[in-house]
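The two complexes that follow have subunit A in common; it is paired with subunit B in the first and with subunit C in the second.
And now, the complex of A and B:
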């Protein structure tokens, strides 16, 4: 466990925003649903800053699981997600084990390929592609 | 700048680089460090832009495919909603709409046609034969119409032909051709028996209500039936407006 206790972050999902369930206490961060918020920068900046704070308080040998099951995300969400994964990549560079579980419908090539691109662009993050039927 | 800017990080880098760039007396090391930082972020920005564009291009392509499919389905649904599945001519709702539309635009000759003794055909030869008779009879009618007017199936063995801007004489001539065609030879679906029809023709001036136009043609049809079937009867709806 980390020294700095940070509250879990839970934001209920809506039709246009994903469910955010960041269980910092068990090092399991989950994003699930659709993402086309009215203001993606506002929606994700809190998520990113709390994640940054959480990662900063971790010991270097900690293992963090990130579960992402987004069925749709618009361009501005994509831009913010790059920032989120950049934080995770930086943490991994500092020695933490970050494992990304990337969920997508087996038929959804767009989401599947986006995951593969994340794997290329953020090589420090362990990548697990999970196709759902 | 908004606190929630999509390019908050990029703008911060840009501002820092600008501050350094505006000064002329800093150490080469400082300029170099700033340049290295700028290169790093610029590289990231290019990479992200490339991904974003590929992602949205792909989404756009999928959207276009779905949109085309949606359009196809809408066209197919529109067809299904307005056509009789057996004969592929207008269904009851659609032919009534065509009639109402035509009556609002011009004078119309309206034909209602009923296959004679169709129930007996069904009972004697079965429904598949009955269906084949309907289809073939419709083909014959369409052959005579040769693209003129609109034809629809209003009931089991009852059909309507809307002849917009036709005079009564023109309509009757056309119906006589249909009548003759049916009497000329049996249908291939029922070679052992001649299938005929009774016809009611009404002529309606522009602005006639659908109910009156149809009622009039239907009354003529009833008269044709009453007088022994396999014949044409006609009626004209008079109105204040003369043609």
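And now, the complex of A and C:
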């Protein structure tokens, strides 16, 4: 088990990329806004690799909170987000407690359904669906 | 003004309830600016939330498909900020909306595109959703920037089978690829 502390990751949001606010020091990761970057693989691979590094340094009894409040994500972002949750599920399988807070507009069936999918595919992650008005 | 042909063009578009039309080079900056305008336009015209989201999603998938796959590119193959040529159109017909996009493709690519799109035309919504889930879990082919998931997203949001066509002039090795979705 490593004790290396990795720096928090903050990326300001733009019209087509989400605000990334990963506070590894308090175990709270947050994604908020729009997601249709030109190259979703490039945008998310850094986020995924830093998260992987952070998770590898955690003690197994740690509790991690993940807040996702995306208004829209395109198909290639969807694929990358799926990979991101796969990493979190792996950590949960190793004993960490991962809680996912999934925010969406009450009317947005697509985002709500994707949340349900994640819940089915990654049962180790605690899932909290939050419909906003 | 001597530009009566342009009046004809605008008049033609107006009569056909064209809400948005763009032809030219697509870059991510242009897509993002257009997407914001389209969203605002749909909000102001009182389109319901569900339809608005489907139109927006289809618009972004079509525009990004052009920026990644049009055969008419201004940028070098290894450049990351791509700029490619095509056109997108959003219109209204009765109580439905339609989206159309067009971009040139190499003739030898048409067969592969046809094989990807044709099955989507006969699939039920449940089958489309299942294929979408499978595609999400599958590793991407090396040459793909996510096109199959993009087409599945368009098919999922459309209320009728998607339509597509290739127009080849027989003179060049290019073919014009048209894709239409009714929301």
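Note that the second predicted complex is superposed on the first by the 131 of 133 C-alpha atoms of A that agree within 3 Å, B and C clash if a C-alpha of one lies under 4 Å from a C-alpha of the other, contacts with A are read in each partner's own complex, and residues count from 1 in each chain.
Here is the rule we use: a residue touches a chain if its C-beta (ideal position, glycine included) is under 8 Å from a C-beta of that chain, and two chains touch if they have at least 3 such contacts.
The structure presented is a predicted model; accordingly, all values stated were derived computationally and were not measured.
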Room on subunit A for both subunit B and subunit C (clash or fit): clash
Partner chain(s) touched by A:82 [first = subunit B, second = subunit C, both, neither]: both
Which of subunit B and subunit C A:45 touches, first, second, both or neither: first
Which superposed partner A:37 touches (first subunit B, second subunit C, both, neither): second
Touching partner for A:107 - first (subunit B), second (subunit C), both, neither: second
Between subunit B and subunit C, more extensive residue contact with subunit A: C
Touched partner set for A:16, first subunit B, second subunit C, both or neither: second
Segment of subunit B that clashes with subunit C, given the candidates 19-27, 55-63, 145-153 or 235-243: 55-63
Set of subunit A residues, in rising order, touched by both subunit B and subunit C: 39-42, 75-76, 78-79, 82, 110, 117
For the subunit B and subunit A complex, residues of the former touching the latter: 2-6, 8-9, 44, 47-48, 51-52, 54-56, 58-59, 62
In the complex, subunit C residues that touch subunit A: 28, 31-33, 35-36, 49-50, 53, 56-57, 60-61, 64, 67, 80-82, 133, 136-137, 140, 145-146, 149-150, 152-153
Touching residues (chain side subunit A, partner subunit B) in the complex: 39-42, 45, 75-76, 78-80, 82-83, 86, 110, 113-114, 117, 121
Residues of subunit A touching subunit C in the complex: 14-16, 36-42, 72, 74-76, 78-79, 82, 105, 107-110, 117
